[in-house]
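The structures come next, written out as structure tokens.
Presented sequentially are two complexes of chain A, the first with chain B as partner and the second with chain C.
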Partner chain A sequence: MSTIASADFWAFVGVVAGIYTILALGIQLEFGFAGLLNFGHVAFMAIGAYTMAILVVKSGLSMWLAAPLAILVSAAAGALLGLLTLRLRADYFAIVTIAFSEIVRYVATNEDRLTGGSQGTINLSGIGEAAQYNDSWEQFRTWLQGSLHINSKDVAMLVVVWAVALLLLAAVAAAIRTPWGRVLKAIREDEDAAAALGKNVFAYKLQALAIGSALGGIAGLFYAWQFSFFSPNDFAPLLTFFAWMIVILGGLGRTWSVPVGAAVFGLIFAGSRFFDFAPFSYFDSAERAYVRLMLIGLVIVALVLFRPQGILGKRDEMVFE
Partner chain B sequence: MILSVEDVTRRFGGVHAVDGASFAVEEGSLTSLIGPNGAGKSTLFNVVSGFLRADGGRVVFQGRPVQRLPPHRIARAGLVRTFQTARALTRMTVRDNLLLGTPRHPGERLDRLIARPGRARRRELEAREHAEGLLQLVRLDRHAGELAGTLSGGQRKLLEFARALMTEPRLVLLDEPMAGVNPTVRGELLEHILHLRDELGLTVLLVEHDLELVMRASDRVIVMSDGRVISSGTPDEVRADPAVVDAYLGQRP
Partner chain C sequence: MFLQLLANGIATGSVIALAAVGVSLVYGILRLVNFAHGDFMVFGAFVAVWLNVNVGLSILPAAVLATAATAALSLLLEGILWRPLRRRGARFMGLFLASIGLALILRQAIFLVAGPQPRSYLVDPYKVYVLGDIRLSGGQGTAIVVGAAAIVVVGLLLGLTTAGRTMRAVADDQALAAVAGVNTGRVIAFTWVVSGLLAGLAGVLAALVQSSFDPNFGFSLLLPVFAAVVLGGIGSAYGALLGGLFLGIVTELSTWSSLAGGVNPVYKPVVAFAVLIAALLVRPQGLLGRARLA
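== the complex of A and B ==
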């Protein structure tokens, strides 16, 4: 069977889109609703993944305990970063966040006794030990495959990732509809007006950043489980910008635009490898990996020109920037 | 005295925007702050509402010094301001703009929202009812469901006024509330302000350029020039003060 028709391949694309959905949901909450320009979001994905792996391998903790702890640590890291930097102006905040994410990646690369270093989690218990944090997850997935009568690993993963993603999407959508969400949006619109009405702008931004970082951490957990191995370079800044592209593609300030953006992004990203017609056939497969990035760039440029509100956004909201 | 400003200074570089200004606002009064452009009125408003830190002096609200508090704490204490150019939250509905003013809303806190969702919902319903009444007051009820960005400049001023009232303030600082509001509505707005003063005991401090209106409606008038208060008293007293005529009215041809 050719790859393009293979259910496994598309299940894999769906899993990645699900992980990106959770990651991008953090950006949507932070920027789309609270107006925070976080360009270092991938750091919290790294913190989530590494915390879980380290707790399992080094502390011998149950994965089921390590995972929620990892989410808490991601949220705490977001709050800490926020405490130090949220008083900065929006553009300076953006610069600091991208620096923060690079610091996290460099620490993960160089603190090899803690993280396994540049070779990744395989070296978590020392070089030549071949550490594995994924046993409990594999067990769970095998059990799930058995109970749902699914043959494919990726399809089982697809079910889990999207069940969690939908739950998180519903939770964020519900939170945004509350008066709490209304204050977030007011801060996005005009901080001074919100402060003049008695809203503690700093506290709300901090909450948005902590929750967004927790979402990043959850995305990191699924990333770790899906690939059963990772290294610092998996958390390069490009991933943050993938999440941004997804949010812009889907539409800013809408919760349910995130999975739509992620699906479109995933389709272009994965589907472009089947473009073996001109002009794509002029490039070899390694080059095509970069061509698809350019393709996504073009789609975003076209979208901003002709549909700046994104796929699901409302145009009239764009008029009143 | 609900508010007293004591020897407040504020510099920008070498410029003394507010240079030792002192005055007091009586509870339940409509007090106007006037003065030529550059007199320091807006800077003083920003200092009183906590948006600018004073370089010296004190601001005492209801017996409590507030000059070091952040804006949201001052607003919660009951001293609420509007802005010279209306800060309508344009991508939110007119109704949501108003609801934001709701004081002590349990639904605005995640912990209370989760622990007592029913209480948050009840508060929201009450707030909606209150907002509806205020929107009728400023004749924006027809626009309640529209985005605030669709409103005209004058309507935004009215929206901001209603939103400030939504917070149940003790003292409102209105920065040129009449600018850009059409003359008919202007008269009505003034009626509302006077009504709120008389019925609810609301204290109003107003910066306004329409002198005729100021002199007609104010209980007391404070005149600033070059960062200082040069006169204060009833409209008649101020009108008769030679210093005012010199510094302010005298400038007019």
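== the complex of A and C ==
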């Protein structure tokens, strides 16, 4: 059977879309609702994944304890970054957050004894040890496959990732309808007006950033479990841009637009592997990887040019500045 | 050792400073943080390598033509991308995102055409300039001399010529400059040309300093360049010059072993960001930037 018709392959695409949904939901909360230009979001994904792996392999913690701790650490890292930088002007904030995500990647690459270095988590307990952080996860997945009568590993993962993603989407959608969510939107629209009403703008932004970072951490956990191995270069700035593209593709300032954007992105990204017709057939497989990324770049530019409100967004409510 | 590190710092600093001025000029006039600037640099470096290695020109004419080609690309993009975007009302966020998309397209196109393998110019790789205790590679020496000359030219251009004055006027207040009779469309085009020239030149110099380079080098330089721009105060061209030199020198000196053992050289980029964040905590508007306007 060819890959394009295989259920496993599309389950895999679905898993990746689910992980990107959770990652991009963080950006939607931070930018779509609170107006924060965080361009270093992938850092929190890295922090979540690495914290869990290190706690399991080095401290011998149970994975079920390490995972929530990793989410907390991601949130705390977001809060710390916010404390230092939230008072900066938006353009400075955007650049400093990219810089932050690159610092995280450099540290992960070079602190071999903590992270396993550039070779990734396989070296977590020393070179030649082949460290594994996902034994408990594999057990859980096998149990789930057994109880749901699923044969495929990726289909089981699909169920878990999307169950969590839908839960988180519902939670964010509910939070935005509370007074807290309305204050966030007020800050997005006019910070000074919100401050004049006695709202502590800084505290609200800090909360949005911490929660967004926690969502990034959760995405990192699933990334770690899905691929059962990762290295610092998996958390390059490109991933942040993918997440931004998903948010804009779906539509800004809307919760349920995020999975729509992620699904379309997954289709473009995975589907373009199978473009066998001209002009794609002129390129060999290595070259097609370049063509694919060019295509993503073109979609970003075309979106900003022709449909800045995304697929589901309303232009009069939210067109980015 | 100290002098050697200082000289290395001036060499990298000149390259960063040249690129940073280009970013800063465009930002000052269009409020556009050009994420594709690093890939403009790569474009310049690869046009030069093609002219130098494949066509057989010597490095000097290759560099001049590559710099001109980068300026032409920069101007072309103003026509087909940036002006249409502004017409459609794209503001800071939209322009920034479009530049990220453009950066992806450019870099992947360069990968597609030139391939991923590292390239070098046909220059004498063993050439060394010795000044007392300091030893500079041919690339470093070239970067310092050409960089210093270009910095002086840009400084004079901005400070003394009519073109420079109108550029600064448009950066200050576009509407007021337009009312005063400045043709803002022409100034914007001119700014892209200058920014492209600087990117192309900085790209060739950076490639010479590194001696061997692949299409990813622009992105790894982009963040130090942004750090220099922010450090100097976004939109301040003189600030970007100072910021670039300062960052180049500070990152090299941070590895000095008499300085509490010195920082591990792999952390040089991290030092640049740490300096940036520390500086912003003290002066949120940058070294030469203006305090926040209401």
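Criterion: the second predicted complex is superposed on the first by the 316 of 321 C-alpha atoms of A that agree within 3 Å, B and C clash if a C-alpha of one lies under 4 Å from a C-alpha of the other, contacts with A are read in each partner's own complex, and residues count from 1 in each chain.
As a convention for this text, contacts are C-beta pairs under 8 Å (C-beta built on N, C-alpha and C of every residue); 3 or more make two chains touch, one makes a residue touch a chain.
No experiment lies behind these values; they were computed from the predicted model shown.
For A:51, using the defined touch cut-off, is the partner it touches chain B, chain C, both, or neither? Pick first, second, both or neither.
neither
Report for A:183: first if it touches chain B alone, second if chain C alone, otherwise both or neither.
Only chain B is touched by A:183; chain C is not.
If you stack the two complexes on chain A, which partner ends up touching A:97: first (chain B), second (chain C), both, or neither?
A:97 sits against neither chain B nor chain C.
Quick check for you: in the superposed arrangement, does A:28 touch first (chain B), second (chain C), both or neither?
Once the two structures are laid over each other on A, A:28 reaches no partner at all.
Residues of chain A touched by chain B versus by chain C: which partner has the larger set?
Larger number of chain A residues touched: C.
Is A:115 in contact with chain B, with chain C, with both, or with neither (first, second, both, neither)?
neither
Where does A:304 make contact in the superposed view: on chain B (first), on chain C (second), on both, or on neither?
The answer is second: A:304 touches chain C but not chain B.
For A:201, is the partner it touches chain B (first), chain C (second), both, or none of the two (neither)?
After superposing on A, A:201 lies in contact with chain B but is clear of chain C.
Show which residues of chain A both chain B and chain C reach, each in its own complex.
319-320
Given the complex with chain A, which residues does chain C contribute to the contact?
Listed in rising order, the residues are 27, 31, 33, 81, 84-85, 88-98, 100-105, 108-109, 111-112, 223, 226-227, 229-230, 234, 264, 266-267, 269-270, 273-274, 276-277, 280-281, 284-286, 292.
Can you list the residues on chain B that touch chain A in the complex?
Of all residues in chain B, those touching chain A are 49, 51, 70-72, 75-76, 80-83, 87, 89-92, 96, 99-103, 105, 107-110, 113, 120, 124, 147-149, 163-164, 167.
Across the complex, what residues on chain A touch chain C?
37, 84-85, 87-92, 94-96, 98-100, 102-103, 106-107, 109-110, 238, 241, 244, 248, 283, 287, 290-291, 293-294, 296-301, 303-305, 308, 319-321
Using the touch definition up top, name the residues of chain A that touch chain B in the complex.
It comes out as residues 175, 178-180, 182-183, 185-186, 189-190, 192-201, 207, 253, 316-317, 319-320.
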